[in-house]
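Pasting the structures here.
Two complexes follow with subunit A in common, the first pairing it with subunit B and the second with subunit C.
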Partner chain A sequence: MSHSHSSRVQKHIGDPISEKPAVDQEFLEEIFNDIQSDFRFDHELNGCLNCGICTATCPAAHYYDFSPREMVQLLWTENLEGIYDAMQEKIWACAQCYTCAARCPFKNSPGGLIMLMRETAIKHGMESAKSVLRPFSRVMLKLISTGNQLAPDMITPDHFPDWGPNISKVDAPLKLLRKAIPMATLNTTATAWEVNLKTSIELYTIWEETGVLDQLETIDENLFDVIVDIMDEKREDLEDWEDEQEDENDE
Partner chain B sequence: MTKPILVVGGGPAGLAAAHSLSALGKKVVLVEKEDKLGGAPILSGYAKLVPSGEWAKDAIGGMVKRVEDSKMIDVRLSTTVSELSGDTGNFTAKLSSGDEVNAAATVMCTGFTHFDSVNKPEWGFGTHQDVVTTTQVEQMISSGKGVRCPSDDRKPKRVAILLCVGSRDRQIGREWCSKICCSVSANIAMEIREELPDCHVYIYYMDIRTFGLLETKYYWKSQEEFKVKYIKARIAEVTSNGEQLIVKGEDTLVKRPITIPFDMVVHAVGMDPNVDNRVLSESFDVDLEPHGFIDRADSYGVVGATSRDGVFVAGSATGPETIDDSIAQGKAAAMSALECIQATK
Partner chain C sequence: MADKHDGDERFTGHGAEWRDSNLSQEDAQVATAWVEQKIDRRSMLTNKDRVEDVRDIMWQLEKDGEIVVHRIKDEHNPVVVKTLFGWDKKIPTNQLWHHKSCGQCGNIPGYPTSLLWLMNEMGIEYLDETDQTSCTAWNYHGSGIGNMVSLAAVFLRNFHQAYMSAKAMGLPEGHFYPLVHCGTSFGNYKEVRGYLLHSAELREQVKNILGKLGRLVDGKLLIPEEIVHYSEWVHVMRGEIAKRQVVDTSKIRATIHPACHVYKMVPEDVVYDNDVLGGNRVAVSTGIMEALGTNVIDYSTWYDCCGFGFRHIISEREFTRSYAIDRKIKVAVEEANSDIMIGHDTGCITTLDKNQWIGKAVGKDYELPVMADCQFAALVCGADPFKIVQLHWHASPVEKLLAKLGIDWDEKKAGFEAYLKEVEAGNQENLYDPRKRITSGPGYKRIEQK
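Right after this comes the complex of A and B.
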């Protein structure tokens, strides 16, 4: 079943107490349609028994005023204003651990639905998305420009005091440990940010084609400009290198 | 010389079918896998039954005796059917004992299997001794021992009953409602409150399905008279703090996660298809429905019809059923068997 051209949005009844809708009805519908028309939506929301096992099992619900059951109910009952409200703050409390999906007796994925709401919040440049992502601009810079946020040798106890004693599990002879990984890892622990030129360009093409760059432009224009500069530079580098190769071949 | 009718399974449905046929002057061969008759209520030692309030050993025990005393019924205990060949009026059943039975028709009353709670490890059964099933509590009551925590025999002060264990759960491939466990749980809750008036009993539910008239006798009564508390929440985990069990859930009305200590947690286990059903489907050549119960080929015209002519089915072999409905179906399937024999004469 596809929703790309059809809407299941019911005619909105409105809040009988409030004088006027805080947000334009058409905008609320557009937001909901964006969430619901995603091909994952029907796969992740089958119905809801309102049982609360997702919330009971959710680590985020223990610390924040946030309940995955509530998110699922808002989507299932097509409560457009409630969905919009939740997107202003609550959806960002989810840790994306997917314990809820492993427990839901209806086989829903509350975490997956929250991801759809987040993607929609980003697409529409909602202030909540901007402010949540602002402290992560350095992380995003590294991730988008190199494909890596961390090199293994950066995981040291000094950098991660919040990990507590668990840090000892990774604070080990890394070179040795990595040899045990069955896939090819180049056995390097320090070069995560040194990405092959061609790989970088391929990565950038993926970001462009999948809309990641558009999303970035919507929520953080400055960072977008910085990253586009880096991308242009690398693309020029690759072109120069290719020209050099051709020159060498011609000789 | 008329051939007997083969009845397979000696639970409430099979006992009813065998009795009815014998009362109408038909010979019956009753094949039962276990070494005694009575089905789940006897084999699992249920206490007072829903909705009659009679003790299982009296109510179902009476049905067993009636069958054992009948000269028309040839009971074969500790026996199964390995192959059923032939057609209506002339079936041949090979038994596990080596015997062969020539029968005019067959009624399958092979029942269900209790859900095994170890398949929901997060709810603590098999890990914590004081996590038990409704079947175990039934046995505590019917044995006269009373409801006690298995770990140290103490009287529990706080008991949580978790509904829908092994039912209505797509994670473990069981979408069906087992139909009787809400009422059985309310019944058990009242029995606990009766025996241990100081004990608080909480029932954690997704929906309460004390269907039809059971609503008054179980849902209302357990609250009004016995002060059983109903909380709308599906439990996420049962753990232990070394002394008590810790139940983690969401109170869906106040919308907050909750962790609550209990002395005893009871799983209201559901009704699975009989574990033998795949084998039974082969040896009797009958179809199963998508959940794995024996498929009923006709809902209205021929009661108890299976996909094979002359082979009928009754009771919880077809899906979750109550005892009284299983008995009614057993009688109805017996009647269908007689009708079809008559028609082929």
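Right after this comes the complex of A and C.
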């Protein structure tokens, strides 16, 4: 930890009134070091006078027990227990609008700091991350295996009953309505646009090389297994096509 | 609210040196009123002396031989606009590579089709192809799955493809310049570009990955001179678009929802125009709506987000719909007596359009049509509301707006239903030659550009 001599840094005192067992100090330090060692940390935290402008303008603060000012203060004062506690639920309330960052007189980015905390929660497989991300698995399956995050077949009245009966104002099969869109890339139902096979494999290589698949395996092993199977098949398809091309070129 | 306290209750996070000011409630209100200011241009200008122009680093890295810059050339017919601090930004207007948005294409297809239709009307050359992925930033901001290296690699892979794409038609590299459709992609790419330019370590990590993908130019990373949002193209083309207008809009009262990831992320790169709302608000969308003759009406929560929240729209929908209705739709209707709310981003249009119907359950039935600026522009320039503007995918009552514009919804709908029979028979119309969409890999056949 840096600045441990500074008066702004809070001492580790544990939680004197909680009946829960204290979280191991070394683990708390590891969590904080993961957040602090990201090269973005120093860009996104420059100081804090507790002015509260971030919280005054925060949409999540309207509806949740969440305050970007509190998050910044926890990190600024290196309040390790507070940081760990916030990662159990509060960090998932942020709507990622960056209104806080646009307004902060110190040019802090509370929204950006939240992302560092979310990444760290995932790295450590925290229960909060697992439960919060369970409804997100459909999106991740789509994105990681196709290169598209959202697809027309995900927008159905079954999935979004609160969007009402007017999701489509023309009564016709989805496939036909998609075929009637005058952009050839959009005549699809399982992806938002037609993604080249080679392209989706390039993206999958990026996921492999950047540790994103490891993150996914930590959070949802079953989803990880499904995606690996799908992508193995896609890679075989591309290899078959490349072999065919070589054969054609040889002839 | 977490920063209030009752009795002896205290919340952590104030720091050891914090002391209560013991102000009365009234005095506290006076002392903190300044934080309730809106995010107008003036409030953001206060940081000017501490903001750097990352493009300076970019040019230096190019000079040092470390990167290649994808330049906006005369052939792209650039128009120069001013950003927040009066800096110049080049907006290319021709030879554009459409960087599509997954949320638009999957959910609001009239968004990209309207844009391409406007380009066809003006004879703009473009490419819409299959060698493109989502930017992956919606997933990242929603789930935390991903990281700066993955976001940077996805950004540079897509932009490298934009640079190389014209070779599939026998044209030179750099012929097409990427035009980003989604506001989140736009904000994310600008943020990532800044980090790439600042961090040699990040550049090295990403370079290794792009090298494996064969996505380097002369062994170097390719960085775009500018990252350009479609709304900036619409803004600089607004005069040309207005020349093609065939529907009178002078009775329309429009409210604008500026997108957070368009103007709050990397705010120094955002277009401000002294002729649009006195140069005190982001110029895009308002500029085109004024050029088309609508009455753009102000409302007190214009700076608020829409409530999309990335993960909230999927798994915390109570938040999304409450925020969308109470902070945006209700205010636009009750304060501004708005006929339409116009946006310029994927998540905002989805949120504001889809989350109105549920309000009926609690007597909040405001019925405000919602669409993107380019959809409205295409509509009043004569585009078919179904075939081109694809308004049947909108849940908000767009029929009301069409009636006010004098466009017969039922007649157009009947025409579209007849057209669907043609589509079933394999006779669908396209905005461009569909063969161009494949530029490599399975299905690719070279088409020479005339």
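Keep in mind that, in the parts below, the second predicted complex is superposed on the first by the 187 of 251 C-alpha atoms of A that agree within 3 Å, B and C clash if a C-alpha of one lies under 4 Å from a C-alpha of the other, contacts with A are read in each partner's own complex, and residues count from 1 in each chain.
Assume contacts are C-beta pairs under 8 Å (C-beta built on N, C-alpha and C of every residue); 3 or more make two chains touch, one makes a residue touch a chain.
Just so you know, these numbers come straight off a predicted model, no measurement behind them.
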Subunit B versus subunit C as contact partner of A:Leu133, first or second or both or neither: second
Which of subunit B and subunit C A:Ala56 touches, first, second, both or neither: both
Superposed model, subunit A: greater residue contact from subunit B or subunit C: C
Subunit C-contacting residues of subunit A that also contact subunit B: 50-53, 55-57, 61-62, 67, 69-70, 102-103, 105, 107
Contact set on subunit A toward subunit B in their complex: 46, 49-58, 61-62, 67, 69-70, 102-107
Parts of subunit A lying in touch with subunit C, wherever the complex brings them together: 7-8, 10, 38-40, 43, 50-53, 55-57, 59-67, 69-71, 73-74, 76-77, 79, 82, 92, 95-99, 101-103, 105, 107, 115, 118-119, 121-122, 129, 132-133, 135-136, 139-140, 143, 147-152, 154-155, 160, 162-170, 172, 176-187, 191-200, 202-203, 205-207, 209-212, 215-216, 219, 238, 241
Interface residues, subunit C side, partner subunit A - complex: 1-3, 11-18, 32, 35-36, 39, 43-44, 46-47, 50, 100-107, 109, 112-113, 116, 128-134, 136, 138-150, 153-154, 157, 161, 187, 195, 198-199, 201-202, 208-209, 212-213, 215, 260-261, 263-265, 267, 303-305, 307-312, 314-315, 317, 319, 321-323, 327, 354-358, 386-388, 390-395, 413, 416-417, 419-420, 423-424, 428-432, 434, 437-442
Contact set on subunit B toward subunit A in their complex: 122, 164, 168-171, 206-207, 232-237, 248-252, 255-258
